[in-house]
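First subunit A sits with subunit B, and in the next complex the same chain sits with subunit C.
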Partner chain A sequence: MDLKEKLVSSFLAFENHVDIDGYIHDVRSDAIKVFEEKGFPSKKEEDWKYTSLNSVLKEDYSVFPKQENALDYKDVKKYFIHDIDTYKIIFIDGKYSSHLSQTTHDGIDVCLMSSALNKPKYQLIIENYFNKAATKDSLASLNTAFSNEGAYIHIPKNKVVEKPIQILHFSTGKESATMLQPRNLIVVDENSHVQIIERHQSLTNNPVLTNSVTEIFTNKRAIVDYYKIQNDNQHASLIDNTFIKQKRESLASVHTFAFGGKLIRNNLNFYQEGERLDSTLKGITIIGDKQHVDHNTLVHHIEPNCESHQDYKGIFSDSSTGVFNGKVLVNKEAQKTNAFQSNNNILLSDKASINTKPQLEIFADDVKCSHGCTIGQLDESAMFYMRSRGIPEKEAKALLMFAFSNNVLSSVKIPELKQRITKIIANKLGVNLGFDL
Partner chain B sequence: MLKINNLHASVEGKSILKGINLEVKPGEVHAIMGPNGSGKSTLASVVAGKEEYEVTKGNIFFENEDIEELAAEERAHKGVFLSFQYPVEIPGVSVTNFMKTAINATRKAKGLEDMPAKDMLKMIREKSELLEIDRKFLSRSLNEGFSGGEKKRNEIFQMAMLEPKLAILDETDSGLDIDALRIVANGVNKLKSKDNAVVVITHYQRLLDYIVPDFVHVLYNGRIVKSGGKELAHELEEKGYDWIKEEVNA
Partner chain C sequence: MSKYTEDDLREELKTKEYEYGFYTDIESDTFPNGLNEDIVRAISKRKEEPEWMTEWRLEAFKVWKEMTEPEWANVHYKKPDFQGISYYSAPNSKPKYDSLDEVDPELLATFAKLGISIDEQKKLANVAMDVVVDSVSVATTFKKTLGEKGIIFMSISEAIKEHPELVKKHLGTVVPQKDNFYAALNSAVFSDGSFCYIPKGVRCPMELSTYFRINQAGTGQFERTLVIADEGSYVSYLEGCTAPSRDENQLHAAVVELIALDDAEIKYSTVQNWYPGNAEGKGGVFNFVTKRGLCEKNAKISWTQVETGSAVTWKYPSCVLKGDNSVGEFYSIAVTNNYQQADTGTKMIHLGKNTKSTIISKGISAGKSQNSYRGLVQINSRAENARNFSQCDSLLMGNECGAHTFPYIEAKNKTAKIEHEATTSKIGEDQIFYCNQRGIDTEKAIALIVNGFSKDVLNKLPMEFAVEAQKLLEISLEGSVG
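Take a look at the complex of A and B:
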């Protein structure tokens, strides 16, 4: 039985396993039909031309969590941003871990999807927002069909959430292979501000495939800063489907740090549903071995006077492969749009490759849209300059790569997170910088 | 200190240095002059260890050690410094952090611990004053958006920080106005001692009014074709390089 058949035939058992609510039941049932009809995407589809899921779909995954597993905080502390106070929503093998989490209902809701889906007091938000941003493509639909657990965050209006929120998904490898379908819903009301850090971490070498959906609603003048840390091991793959709807004068940013995993696909979609709002999409990809990272972005400019900024940097070594596919769609009504996109790449080996493809579809006539992509090697004259000052080759390379990714790093607004990212990069490059950037 | 014997070097198969002989002793200042394309910058890069240049014949000895096989950073650790004609911009790395990295890498190579932060700050303060560098300048990204003069001053600041035994200044005067030239030359002179040496590579005699050489060499077509005292620089300033070319070609 292939994975698709297994998923489809497991659906009934899954729904019996969770509480069946009328509204969500219908959403799930529709979604499984879409998945059954479309199946997993193949390379024949334009958006999947450079990314094949074959190597990750062949495992015999356990498709929904059967047992609760526990972890000691001290064993996983290093995956947390632990030097600052944060809210934490933690999952182990797809199940909520109350032991590791720190949630709240004090003026804001930072809790779990499973309880939001079942408790009447959340019903209005669920009906207004759940599955209202996610598209009906096969992978998002698959997640919707199995949606039951994940982070539920609702920030009512006029709240500046001082503490960042961390969403962490651990997989313990108790099953020989695990497929996870986390589902996050984030609703930020008028004038509110929240910062969120998301990470998926496998703790063993057993294969893990995560097909995640995050829906983010950024209402009028709200600010959302979202950071994704993707630094998993060589046996874990991630398909991240993130959908962001923005209302007028809101600011939303997503930083994606793709540093590891077997295969990572980021489907990041922004929908600008109001005027004078701003969307930021930034990323740093640093991978090696046979790793594969694919950034597939969409910014849909629907209303006039809005901006979007995309800046993705990639450093590829060994036989790693990268894809950047950035689509900017400007509706006829979206006059005075400013849309910028840049994708710069460094290939450190002859066997590494990157496919970069900007796509602009512009139907308005008074817009500023720019895109640029570069693919190059490390600047030899800069290398010689640094080495002539006594900096060894490895450190010199690392400094150049930091310099290269600096534009993305410098816009991380949580200092401790920036420090952590810097450390992860230094670690990846095998250097000790001895200072913070 | 530096002894170059019959040095031949080429880049991408093109022969540029064709038999250089040069000896620099501690405490000396040498000037290397010559028309464009004569091989001056190549000589500087070859001594500093740029990998693109291939030494095809001859040797470079630094303190009686053949350094040809050493990487650029290893030569730097031994005390060779090259001030670049075109310093490279490194965005995102501040001047201070760059210097910390360079100094501690050199100390590590010598088996020393990192320099304590307090000492580092003190040294940075002293050396930046020497070159009349504003403190704010030190937190800017290395060379990014620096004016020509700022870049060159920053090169000499780095030299002051690294305290090399042999400093090679490659066209440090180009792009400098007279005030910047004076500051840079003043810095170099203050760093000079009986134990270190300076090789000034320049097209013009101007800088040599401030940094007075003991020896002047004329490089032409990959060879040193004439050597003399500081008066040779004045002669070149007056008469240009044509008479040298004629002498060589005759």
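Take a look at the complex of A and C:
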């Protein structure tokens, strides 16, 4: 039985497990129908031209979590940003771990999707926001059909959340192959400000497939900074679908740090539904082996006077493949749009490849839209300069790569996170530069 | 576009044809609608082609039957009914005039704006020419000069008969029959086209142009062009002309193949100004063209195109950079107005070492038109030190048109250096104001700015062509400023 059939047939069983609430039940049933009709995307689809899911889908995944597993904090401490105080929402094999988490209902709601879906207190928010940003494509629908658990964050008006929120998903590999479908909903009301760090981590060599959907709503003048750390092992694959709806004068930024995993696909979609707002999409990809990272971004400019900035850097070695497919869509009403997109890549090996497609679709005339894309190598004269001053080749290369990705790193607003990422990069490059950038 | 009144002309032409009893006259020369093996055989037979050619066509037809029309392009139109078209008709279906006075004054006005000489005007408007100025004589002198150098320049049907070895060797090597839907259709039914062969080490002394060749009056619906530049030779080839062409054919599916052998250089320039449909988007030509060039060692192919006509354009002149150190270039201006749609761009396939490609594309959209650039730059794993530079700029006029870019970049070699940049902008109010202030009216000012915007590409055109193309840009955008 292939994965699609398995998922469709498990749907009933899944619905029996969870409480069937009228509204959510309908949303789920509609979604499974969409998935049943469309199935998993194939390479024939334009958006999936360069990424094949075949190698990932062939495993026999257990499709929803059956048992609760526990982990000791000391074993997984290294995956946390632990040197600062944070709220934490931790999941182990798709189940919430109250032991490791630190949630709150004090003025803001940082809690669980499962309780939000079931408690009447949250019903209004769920009905207003749940599944309102996610598109009806097959993978997002699949997630919607099985949506049950994930992070639920609601920041009411005029709140600055004083510490970041960490969302971590661990998989322990107790089952031979696991498929996880976390579902996050983040609603930030007027003038509020929140920072969120998300990470998926597999602790075993058993295959894990995560198909995650995150919906983020930023209301008037809200500020959201979202950081994704993707540094998983060789057996974990991640399909991350993020949908962000912005209202006027809000600022939203998403930083994606893709350093590892078997296959990573990031579908990042911004919808600008107000004037004078700003969207930032940045990413660093450093991969090797046979890894595959695909960034698929969409910025839809719907209203006038908005800005968007995209900056993706990629360094590819060994037999890795990188894909960047960035789309900027400017509606005819969206005059005075300022959209900027840049994608720079370095290929370090002859077996590595990069496919990039920066795409502009523009229907308004008074706009400033530009995109730039480069593929190149490390500057030999710069290398020579450093080598002639006694810097070993490996360190010299690493320095150049740091400099190359610095544009993205410099806009990370949490210093501890920045340090952590610098360390991860240094580790990946196998160097110790002896300083923090 | 109102000044063109192409629509009126079209109407006029239609009625005139009936006046002359045109259809009854050539009945015997027109095949019944539809396409099947018999029709393909009949076309081949009519053209007195050898057996291998007939087989080649049939092979293409077989492939075509299995294929479906491509739908990925960013254009929307009602698909032509391929069984509703007659695949062979007499080429000269235009009415003849006795003198220029009979020709529509609007058309003449356009000619005058383009600065076309009286003789050429006559030829274009299909006026019978007296012997003295007949360009046959021009053509004959040309032929003599070319003949001395050993250059072969003739229609492809003649070439099939006279130089079968060359045609057989090269036809379909760059664009195979099964390349795509329209290429397959063209391979099966192509009516005529040009063939050009430049021998080793010869530098063609003049610009070769279909436009001056009398033996090919009026371009066919399914044109096939094959240009072969042998080792170390050079040729500059012009296709089309700037004058508005009132072609009656709805569907054009041409195939152009260029072969540049070691150290050869081909410069191929196109100006396309077919009937774009009226201001409401009715009618107009569908232009589905496959153009591709193959570069051997140290060879260079340069495509330059100015696309202003056709209701729907689907065209990607490409270069396969097979040989080491070969160079591919693509310079394009695509102008769309009213309801025109253009999806055009290029493919640069880098296979050899040290290959270089340059892409400069300028898109100008006005009215309710859609203009897309779609390009592919592919660096294969053996293409060491490949270099590409691409630049796509779009200019929008009004907020009902669209400009799109779909650049695909695929790199499989670490030594590749690729740069791509694209910008979209509109004509600045300050620029217009500056011109107005100095006594240049808005229409002229826009023409000035557009010409400046397209300068990089216009500079690549042969000189006479460039002057005409500049004016053509002006005319194409007439009335687009509100």
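Note that the second predicted complex is superposed on the first by the 437 of 437 C-alpha atoms of A that agree within 3 Å, B and C clash if a C-alpha of one lies under 4 Å from a C-alpha of the other, contacts with A are read in each partner's own complex, and residues count from 1 in each chain.
The definition used in the following text is that a contact is a pair of C-beta atoms (placed from the backbone, for glycine too) under 8 Å apart; a residue touches a chain by one contact, two chains touch by 3 or more.
Just so we're clear, the structure is a prediction, and the values are computed from it rather than from any experiment.
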Which of subunit B and subunit C A:Tyr23 touches, first, second, both or neither: neither
Contacts of A:Tyr73 with subunit B and subunit C, given as first, second, both or neither: neither
First (subunit B), second (subunit C), both or neither touched by A:Ile362: second
Contacts of A:Tyr385 with subunit B and subunit C, given as first, second, both or neither: first
Which of subunit B and subunit C A:Asp350 touches, first, second, both or neither: second
Contacts of A:Ser370 with subunit B and subunit C, given as first, second, both or neither: second
Common interface positions of subunit A, toward subunit B and toward subunit C: none
Subunit C residues within the subunit A interface of the complex: 72, 379, 381, 394, 396-426
Touching residues on subunit A, where the partner in the complex is subunit C: 46, 332, 335, 345, 347-377
Subunit B partner contacts - residues on subunit A that touch it in the complex: 379-382, 384-393, 395-396, 399-400, 402-407, 409-410, 433-435, 437
List of subunit B residues in touch with subunit A within their complex: 45, 48-52, 71-73, 75-77, 81-82, 84, 86-93, 97-98, 100-106, 109, 114, 141, 158, 162
